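Dropping a structure here in structure tokens format, bear with me for questions.
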Amino acid sequence: MVPRADFQSYYGRPIVRPPVWTHDIAIYLFTGGLAAGSALLAAGGQVTGDIALRRAGRAAAMGALGASTFFLIKDLGRPERFHHMLRVAKPTSPMSMGTWLLSAFGGAASVAAAAEFAPLLPSRGVFRLLPPLGAAAGYGAAALAPGLATYTAVLFADTAVPSWNAVYPDLPFMFAGSALASGAGVGLIAAPGRPARRMAVAGAAIELAAGHRVETRYGLLSEPYHAGRPGKLLRAARALTIAGAVGAVVGRRSRTISALAGLSLLAGSALTRFGVFEAGVESAKDPRYTVVPQRERLNARRGAAPGPAPSPRTRKS
Amino acid sequence: MGSNSLYGPMDPAPDAGYTDAPPRMGFFTDTSVCIGCKACEVACKTWNDVPDDGFNLLGQSYDNTGGLTANSWRHVAFIEQPAVASGRPVAAPGANVIAARTVPDTGTAPGIAPAVDALAAAATAGTDFMDGPAAGGSGAGGCSGGSSSCGCSGGASASASGPSGGGSAPGLVGGAPSGGGGQFLGMPTSELPGTAAPAERSDFRWLMMSNVCKHCTHAGCLDVCPTGALFRTEFGTVVVQDDICNGCGYCISGCPYGVIDRREGDGRAWKCTLCYDRIGDGLTPACAKACPTESIQFGELDELRERAQRRLEKLHAEGETSAQLYGESDDDGVGGDGAFFLLLDEPEVYGLPPDPHVPTRDLPHMWRRAGWAALTMVGAAVVAFAGRRQ
Amino acid sequence: MGVKTWIEGWPVYRQLTGTDPLGRGAAAQSKKSKELTARTETADRVAKSVCPYCAVGCGQRIFVKDEKVVQIEGDPDSPVSRGRLCPKGSASLSLVTSERRQQKVLYRRPYGKDWEELDLDTAMEMIADRVLAARDETWQAADEHGTPLNRTLGISSLGGATLDNEENYLIKKLFTAMGAIQIENQARI
Amino acid sequence: MAEAHPVGFQWVVEAKNRGAKIIHVDPRFTRTSALAHTYLPVRAGADIAFLGGVVNYILSNEKDFREYVLAYTNASMIVSDDFLDTEDLDGLFSGFNPETNTYDQSSWMYAGLEGEAAEPDPDTASAQQHESHGPPLPADVRRDPTLQDPHCVYQVLKRHYARYTPEVVERLCGVPEKQFLEVCEAWTANSGRERTTALVYSVGWTQHSVGVQYIRTGAIIQLLLGNMGRPGGGVMALRGHASIQGSTDIPTLFNLLPGYLPMPHFQKHETFQKWVDDIRHPGQKGFWANAESYAVSLLKAYFGDAATAGNDWGYDWMPRLTGDHGTYQQVLDMIDGKIKGYFLLGQNPAVGSAHGRAQRLGLANLDWLVVRDLFMIESATFWKNGPEVATGEMSPEDCKTEVFFMPAASHAEKEGTFTQTQRMLQWREKAVDPPGDARSELWFFYHLGLLLKERLAGSTRTRDQALLNLTWDYGSSEEPDGEAVLKEINGYDLTTGKLLSSFGEMKADGTTSGGCWIYTGVFKDGVNQANRRKPGAAQNYVAPEWGWAWPANRRTLYNRASADPDGKPWSERKKYVWWDEAAGEWTGDDVPDFEKTKPPSYRPPAGASGVAAIAGDDPFIMQGDGKGWLYVPSGLIDGPMPTHYEPAESGVRNPLYGQQANPTRKTYDRSDNPTNPSPPERHSEIFPYVFSTSRLTEHHTAGGMSRQLAYLSELQPEMFVEVSPELAAERGLEHTGWAHIITARAAIEAKVLVTDRLRPLRIEGRVVHQLWMPYHWGSEGLVTGDSANDLIGITLDPNVLIQESKVGTCDIRPGRRPTGHDLLRFVQGYRDRAGLTADHHTPIVTASPSYSASDSASEEPADGE
């Protein structure tokens, strides 16, 4: 437990503004990760010739992407102006980069998904091009997928939200692991097999390891990740992820257990995003998380001489 | 685009592509002469046709708009401060804010003992109110004990609902005085009220500050805006273009000062434009023009910085040792503020972050970490499928 | 709009070809922003005025466009106020243009439960009738000793501190001539 | 000042930045205090004790600016041997008549002039006529330039204030001795040849039962320290309405005619000659000697050609006063059914006047009411939304009052002049036409006048002749020409048709007209001087070419005093107006407030009167003797020197005198106007706390121009009461919770702000809690709430008939007040406990009977058994 810090504020009001985003954004993060994980899964299936895996992955990637786009737009204050996102391409804006990435991924994932319908279509004319195009698009989507899964970590980290910003070294790994786990979850439900199980274990391991660092390495700013409601969410997420990974391994012979493990991984991944989202919101609401680290930094920089700070008005509690 | 495009001192307008930029313009807000009249708030709204912020008595001294929001682009903070309890040296005669000074009990009421301890406690407890969440051991009434469940703690509990809590009175929940149900301000619980010599209660001052968008050299809101709605003007200021903004809300989290905000029912982000339309025509921004005491000064930033330094030296010479400039230095975390302040106490007392930095400072590193994470992901996928090639 | 114009208007294109590769300034500026101008600059005329609230007497400039007041702000020439205004003075524009301002004559008849609208001319006629009736009813030509009084105590008035000198002059003149002495304003309060 | 006049406060901030020391004395820590060097909390209602303490400090330490005092004040004049001070008579001055509670002032006069005392009329606020000039006084008075004569003003003053020691100030005001002495030292150290100190008050000072004497005490200090008529000095009143000064100069007041000419009184002014002589006092010194010219010119302006020497210029058409016809008397008369019709012109008495309940009950008992305002106000909707409707005392079905709401034009929609607080007229240009039916007052009264004249046309009744002969020609358009009215005010030479350039040109033979002599010159040279707008930055700091100040564009009154008796500036640093020997005239930064070519050495010949009797070193030219008055031998109703009396409602027994409160205060002793008991009466503890009310920066008076605007309403959205933490604890009040405040008149509710800005004071060894409320709220507007003025009763200053509304006693309790009929019962319960039964009468004279020679005076508790 981090010792309670003394600090001053203006009537306890937040200093940085809590994100105006709703849970749509948490869902967006989850579906984005899911799309990325699924695209990787699909590409793996493509490579290994596991058509069921490929098909499930492509479908899940496409579906998740659609949902992702839907939730992203839904959260806009002016949804009809969604296309303004493509007005500029700003390297300083993770959301701008993410939008371009999402667009590119969307194109690739759509073509890949469309290619799955090739068997239902007459194999002549342009339709003949579908399978090879789909293959290329599938690889393309897979190539973009890691970016899609991890850019959202930058999206959160590149803010003044104290507990998001501080954990930027580990957050991408947490999201990467979460995306893998969720992709694996799709595999475990739709086409359980060794790759999905391995991916589940790997994803869960990365997510849990990174999550552990997020929750413990950042002092006061780790607090929102284990306290309160976000803490509960993340504990639940961890339990589900562990259960999913264990299930993936032990449920090798059971389609049911595999599917349950898959669901568990998906739920865990989703809760991870909710937990991270809410932890950030909590850290913004309480001025302590803004003031204390900054004050400590400032005092440290000013050296031994306390200068005007720490203010004599602060007291130990 | 230069080497300090993301962090460090620079002149923002040329960096943003204005080859022939006029001098950078800004605000110097000198809180030592602010009288808290709020003309700035009204003049701003009048000029920019900004809606009202709702009619809520917040109990934060005379601050009833709470903070900068989409509907308040200037905001006057009020801090009632017993100064003696702070251990602050009583300012010398001629200093800026000497209030009624401590004097010895004159003994005109022989039957009444001067309850000095109670007074000290009163003044100390009083700071609880000012400090919000810093619940003190000596605090009175509902604020005591530093319990995070107390309304005064404003801690990590859900009680800190924030200013945009939809018309609620945030002061009442976010570390507000009355949450605990008892008295909070200067209340020694066990003493007969008023038994102390009144003048001994405390030295007292009432701080006021007109807050505004900082128009940072490195503006977090601008950097993260995905539509280009937020842009750097030729004057070096930061402006949201209402014809572009799609209300993604990213800027709101990008701002280290909590300035920019999305307007309910409108969906777009709004904040101070430093009256872009006015200054483009050579006029003074509405708030600075109205300000009766020149607490808000508008001008070329370089000149304002010199002026501020002189003012600071004068105040220091007069014994106002706690006076400090905020956002004036270009080697702070945002490369200096286009709108900076002279404060009479620590920034956090006014609701300002003590050492903010633009999140974009670490963006390259963030992308690198994301890259590693992406590679890790690829690696994991490869491993997952390894050995299954048919 | 040709494709070329459209492309050139696309900030991404301007980013790639112009001086603002990061798209944070010149490239991102919209047409509307570029053409912004202060509405005081486009006003048809400016009336020199004085703030209507307290007695400091701050100078105001009232900007009018299309016969509507579009802005009221301090007059920098005023040696009293040097262009500054307090929150009330700064709210003068909304005082003048408020939709809450009453613009219709309203009439509440005796024992009436609500307002009724009334024509301005009719209201004036009715008021004139009532003034004369009250005056006649309560006229005091002299006291019991025959000392002239020349007055009515049946009519009174309160107000003037927010009005113009010219208005106060006419009020006092008219009331005095009709013998109504009970006339007061905020200066007594 | 920062609180209610923020833009004016810029000059204080500027002075501070240049090194001036700012001291703020106020019951509560305000936005002004926040920027002051020193803030002193003081008990409301104890200002004379405080300022009297300063006078005592000056006199007992001989810190006065002796050269100034000797030359320019009446310090050396010898007061009658018959004069007895409050110090001798337990709080009464000599001449008190306990039957009428008035003074025979003959003993206050200078020695040898006892028969010359004026007879101020307490009913007609006659002291108010002295706004532009002093009361009458013969020229030659015995003097002792050594100031040693025990009967000279200096010594009388010194004795009077001898008891106002720092220790007494602390006991009465709650200001610790040490802090008080710091103020005394700062004030005196900053006054003299090289430096001046300004005394600034807001007109809350007038709202006391001794309001005039508050200001008098300030004036005494400023005269003793030589701060009058000099740059950076003076006593500055910060008035609260755009043209409240103008509405006093050109009065919409019952007792005055334009230019402070008195309204004719049925007995004193039976004929034109008696009226004029009562103003000019034949033989008197000073500019007032020309009063007949001003009076004739006014009547010529009113009645034009119909005013002739043969009919005494129409004087007999003028209505006559018989007594008190002030706004509070009117309201009580309304309650009593004596008044038929009422005009409210941009004023909202249901919220803005004392005793809101009486105001509303009065409104409800009219035949008709005309309300002219920008927004719907409480005074127009009392019959359906007022508090009395909520208590069931009133209902639309039972209220007979016929109400006309006439929308008014705003300041942007009409042209005309406001006179601001420094007597400066500024012309406003019209920006746009008023919307809908909205019209200016000018339009309304012009057309009402036309309608009245039309209806009376041909009448031969005497009573109608004034109206029929009234000049009423202000242009040919629907909207009367404001400049034409201002020209009439300025006045014409009727022989040439030219506008007058100064009141010196006015004649008593009917060849000039002028609607307000002190405003003559506003159209000097045919130019609207009030419309001059030479930028301040392009002129000297006095800015004489911006607007126009009465009289004669003088920006600082009595500025002759800025030079020494020889006409030289007191110091280079403080030079302002001086005698230019070479040019043979007065010159300087301002228009000299003196005859331009009268040299400092001028001495009037024996027997001179009028302007000629003013010596070259008499700066106070409107005073009967050319001197600044430390002691007022005649003209004030309640005493020649300010004396500490407790407010009409006080929990503190007057520590200085048996006489508790101003014995001449105007009271309306009626059961619907009860007064909370004060010592020596019993039961004052029922209302144990002191309250005061005033403005917030964010609102304007009764809220009609601020609570209707969202931008102001959001800044102060609710009625609240400020209490100290100690009082909050004593009464269990919670920050932002509800409380209700109770007086004998009403109980209102407000949100609680607990703040260190209010602090309990120790008065006479016990703790006195003060609480404070803004008075802006009412039932109409975007933000609504109870009205603080409902708490206040009607007790008036006798000199000017202004109510005591800045201090009263009350109780405060946590929670909301009762509603409906319960509220009436609740307040009645307080009245019962306080002994305020229907036959209760507040004792006025409480000085020891041996001094007051009165049967009614008594130290015995009067509990209204």
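Lettered A, B, C and D in written order, each chain numbered from 1.
By definition in this document, contacts are C-beta pairs under 8 Å (C-beta built on N, C-alpha and C of every residue); 3 or more make two chains touch, one makes a residue touch a chain.
Labels paired with UniProt names: A = Polysulfide reductase NrfD; B = 4Fe-4S dicluster domain-containing protein; C = Dehydrogenase; D = Molybdopterin-dependent oxidoreductase.
Just so it is clear, the model here is predicted, and its values are computed rather than measured.
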>> Applying the contact rule given earlier, which two chains have the most C-beta pairs between them?
In response: C-D
>> Farthest chain from chain C (Dehydrogenase), going by the mean of C-alpha atoms per chain?
In response: A
> In whole angstrom, what separates the CA-based centres of chain A (Polysulfide reductase NrfD) and chain D?
Replying inline: 72
>> Measuring centre to centre with CA averages, how many angstrom lie between chain A (Polysulfide reductase NrfD) and chain C (Dehydrogenase)?
In response: 57
> In whole angstrom, how far does the Cα centroid of chain A (Polysulfide reductase NrfD) sit from the Cα centroid of chain B?
Replying inline: 32
>> Averaging over Cα atoms per chain, report the distance between chain B and chain D in Å.
In response: 43
> Counting only residues that touch at least 2 other chains, which ones in chain D make the list?
Replying inline: 6-7, 10, 697-698, 710-712, 715, 782
> chain C (Dehydrogenase): which residues touch two or more other chains?
Replying inline: 11, 22-24, 27-28, 72, 81, 84-91, 94
>> Touching at least two other chains at once: which residues of chain A (Polysulfide reductase NrfD) meet that condition?
In response: 87-88, 90, 92
> What chain pairs are in touch here?
Replying inline: A-B, A-C, B-C, B-D, C-D
>> Per the contact definition, I'd like the list of chain D residues that touch chain B in the complex.
In response: 2, 6-7, 9-10, 13, 17, 21, 29, 31-35, 37-41, 167, 170-171, 174, 176-179, 696-698, 710-718, 720, 724-730, 734-737, 751, 753-757, 759-762, 765-767, 769, 782-783
> Where on chain A (Polysulfide reductase NrfD) does chain B make contact in their complex?
Replying inline: 4, 6-21, 36, 40-41, 43-44, 47-50, 75-79, 81-82, 84-85, 87-88, 90, 92-96, 98-99, 142, 145-147, 149-151, 153-155, 157-161, 164-165, 168-173, 175-177, 179-180, 184, 194-196, 198-199, 202-203, 206, 223-224, 227-229, 282, 284-288, 290-291, 294-295, 297-298, 301, 308-309, 311-317
>> With touch defined as at the start, can you tell me which chain C (Dehydrogenase) residues reach chain A (Polysulfide reductase NrfD) in the complex?
In response: 10-12, 15, 22-24, 27-28
> What residues of chain C (Dehydrogenase) sit close enough to touch chain D in their complex?
Replying inline: 45, 47-59, 62, 64, 67-69, 72, 75-82, 84-92, 94-96, 98, 100-115, 118, 120, 123-135, 137-139, 141, 143, 147-174, 176-189
> Along chain B, where are the residues that touch chain C (Dehydrogenase) in the complex?
Replying inline: 1, 5, 12-13, 15-19, 37-39, 41-43, 46-47, 222-223, 228-234, 239, 241, 243-244, 275-278, 280-281, 283, 286, 289-292
